[in-house]
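Note that the chains are named A, B, C and D in the order they appear, and that numbering of residues resets to 1 at the start of each chain.
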C-alpha cells in the first residue's frame, strides 16, 4: 500500500450532517465518547480509511481474527430533533508528521463530500490533577459561533490551551478554516494518567445539548475499564520486547 | 537506489503454493524456523528484495565479503503430501513506517503472482516469563479456517494479542485481507529476553502438521546459539559507538 | 494538505527590500525581535505559509479561536532613511529534515520574487552562562560585506560557531549563497536557559544601526515574560500526557 | 531545495581512476585520512553534493563566512606509479534512512561516470578498547580480489564485523555490487571514544601500499586534535540548547 486508501462500504445521502470526531488522545476521551455513541445509537459503518501513515499493525479480535488498523466513518440518520451524524473513530492517529496533515485533509474531503455543516472534534485537556467535576472547554475556528457553543456548557478562559491543540482534533479546525468549514473542539479536563469516563461523560453531556440527542451513559464506565485493561496489557508487552540488536525493530513484534 | 527493487534470479512455476514468512521479530522465532527450513529442506533462492526502507547497511560474511541487506524468497517444490512452498526471510524489517506498508504490499504482490493459496507468518509472543512448554497461538484474517488451524495445535484465548500484531507478520494478514488473500499468523510464546529455539520448535511442529512435512530439528538449537552470539557482539559494538557530535550518526559506523 | 501552501493576502511592490527573519531558536531571540518590530512599527501581514512539514497543530487565541501553525510574512514600507522591509516570523520551524530544506527554499523564493537585496536572519548563540552584556555575533555568506557588517557592532572570533548554524537561520545563508543571494546571520549571546530580552535588545540594536530605524524597546521585556509564561505552561502540559500505549501518540493531545 | 543537487565546478577526464571515500564515522578515521590526502597531495575540488537529506545546517569558517553542509569530490591526477584519484569527503552523512540509499546511489553514479575501477571506503571498527597497534580490517564485495587486498596489510577474521557495516562505507559496497562495481572497505580498529590519528595512520599505510603513493603523515596528529577540539565545543553547545517546548526543535539553534 503506497497511498492512503478510502474504502466505501455503503452509499448514503446525509442531509446537512454534523461530523463528530473521536480519535485517540489524552485520556482517550474522544474515542470513549464516539465509540459509545456508535454502540448505543447503533450507527452504521459506511467507510474505512487505511494508510501507510498509520502504524504498521493489525488489531486482533476476541476470536483471533485480525483487522488492519484504520479510521472508520459511521453514519446515523437523524430525526426531527437531531441532525444526521457522521462519526469518525479509530485506534490510532498518524505515526508520521506529514501523515497527520494528509489524513486531516482526507477527513475534511469526506466531510465536504457530504456537505457537512459543522465538525465537532472531541478530546481531553490534561491537567495533571484528578478532579471530581471535570470542566469542559471549547475552541473553534469560527468566532461567530462562540456564544452558541457556550450555551451548551463548555467554557474557555484566556491562558487555557496555551500549548495549542495537537493532532487531528486541532488540525481539523486549522485546515477546516482554510476550506471555510466550521469546526469546534470540545475537550474534557482530565488528569492524563488514566482513561477517564467521568470526563467523557461531561463531554458527552455538552454534545447531547448541542445536537439534541439523549443517550444512556451507563456503559461508559464499563467501556473505560475495558480499555484500561487493554492498555495495561500493552504496557506489559512492551516491557518484554527484545532490544533492538535482535533484529527486531523497536516496537515490532513480528 | 530510490525505489524498492525486486531482483528475480530464477523463474519457477509453483502450483498452488503456500508462502511461509519468517522475518525478524520477538525471540527471532520466525526467522529461526524459516532459516532452518531453507537449510534442512534445501530450498532454492529465486528472488531478492532490496529497499531504501531497509536499514542502510551490508552484512559481512565469514570470508569478509559483503551483502546488501535484503529480504529473500526461496522456493521448494512439494510432493504428493506437501504443497509447493515459497519462503520469505531476511535480517531486517523496514526501518520506516511507510516502508512497512510498501514492503508488505510487495510480499503480497509476489504471493499473488504465484497464485499463493495461503500465507503463514511466523513470530513470537512475548510474555516476559521463561517457560518450559511454550504455547503456540494463532491469528488469522479468515474466520472460516479457524477450526482447521486449531486442528494443527495452536490456540487462541480472548484477551491474548490485545496489543495487536505489529510489523510484517501482522500487516501481511491485514493488507492480505483487503486483497482477498488468506493468511495465518503462528506465534510461539517466548520470554522475549533471548533467541528461543524451544519456542521455534513448537511453531515448527504446528507448521509441520499444517503442511505435512517432516524436518529434523536437531540444528535448531545450534542455530539459535549462533544468532545469540552475533547479537551479543552487536550489543557490545553499539556500546562503543561515538556519540552523535562526532559527526557519526547515531547508528552509523561508517 | 499534501504540499506546502503559500497564501497571498495582499499584493505589494517593495522596492529593494531587506528581509528580516525571526523564527524560533535558542533563547527565542530572533522571534522576540521580529515580533517586536512587527508590533511597534505596525507592519502588515501579506503572506502566510502552511506546510505538512510544520508540527500538526493549531495555536489557540485568547478568545478560544484557533489558527493553524504557520510562518507569516509582513511588509513595512520604508522611508528615505530605512529600506522597505519584509519580516518573516512563526511559532515553529520544520519538524522534518527535508522540510527544513523545502521551507528555506520557499523563503528564498519569496525573497527573490520581491528582488530582496539582503536577508538578515536573527538568532541566539547558546553559551550556557548568564551574562550582563550579551555580545552580538555575525556570520555571512558574502565575504565582501564583512567590514560593513562589523561597522554595525557585531563581531566574529575564530572558533565561535564551530558547531555551525542549524535550522532556518543557517540554511537561508547556505541555500541563499547557491542562488547568489546575500544573507547575514546576527546572533545574540544567551545562556540558552530562558527567553532572553537583553540579548534580543542587543541584536535589535545592531539591526537598527544596519537599517537606520529607531524603535522603542520598552515592550521587549514584557513580551519576553509573556513567552516565558506560555513555555512554562507547555512544559507542565507535556508532563501530564498519557504514555504512548494509550493510543495517543507521543506529543499528540487530540 | 527539494532534491539532491550535484554541482560540477570543473570538468576532468580521469583515466581508470580509483575513488577513495572518507565520510564521518567511528573515530572519524575515514574523514581524517581523506582530508589529509586532499591537503597533502593538493587535490582539486571538482564537484559538490547538496541534499535535503543532509542535516539542515551551515558550517562557519574562520572568518565568519558560511557554507551549506555538503559532500565534496576532489580529483588528483596520478603518475606512472599511482592511479588518478577521486576523493569523496564531507562533514555529514545522511540524516534520513532513504537519504543514505539515495546518496550512496549518487556516489556510485559519479564513480560510474568517470569509469572508476575500484572504490575504497575508509572507516573505523569500534572495539571499546584503547590499543597501541591498531589492527586494520578489510571487507569487500568481490571475493576475487581478497588475496590482493590482504597483500596490502589488512586482515579479516571470521566473526569480525558481525554487526555489518552501517552507513555509506557499507552501502557503497552493497549497492556497488548490484551495479558490478568493485569496492573495498578498509577499517582501522579504534576505541570509539575519540578521534584516532593512530588508527588513521594505520589505514593510510594500507592505502599507500595499495595505491603506490607516499604521503607525509606528520600533520595527521595535529588534524586529529583540531577535530577533537571542535567536537568538545559542539558537545558543550548541545548541552545549552533550550528544551523543545521553547519552540526550538531539538537540534536546532536558529
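Remarks
One rule holds in what follows: contacts are C-beta pairs under 8 Å (C-beta built on N, C-alpha and C of every residue); 3 or more make two chains touch, one makes a residue touch a chain.
Small disclaimer: the values here were computed from a predicted structure and weren't measured.
Of all chains, the one whose CA centroid is most distant from that of subunit C is B. Here the C-alpha atoms of subunit A line up with those of subunit C after a rotation of 90°, rounded in steps of 5.
Homomeric contact subunit C/subunit D: same residue numbering on both sides for under half of the interface positions. Look at where the CA atoms of subunit A average out and do the same for subunit B: the two points lie 34 Å apart. One simple way to say how far apart two chains are is to compare their mean CA positions; for subunit B and subunit C this gives 49 Å.
In subunit B, the positions touching at least two other chains are 95, 163, 234, 238, 245. Taken as a graph of touching chains, this assembly forms a single closed ring in which every chain touches exactly two others. Pairwise, the chains that make contact are A-B, A-C, B-D, C-D.
Of all residues in subunit D, only 23-28, 30-31, 91-95, 97-98, 100-102, 104-105, 121-128, 137-143, 146, 156, 158-171, 173-175, 177-178, 185, 187, 191-193, 195, 231, 234-235, 238 touch subunit B in the complex they form. Across the complex, subunit B is touched by residues 1-2, 5, 7, 50, 52-53, 55-60, 62-69, 95-96, 99, 229-230, 233-234, 236-243, 245-249, 251-254 of subunit A.
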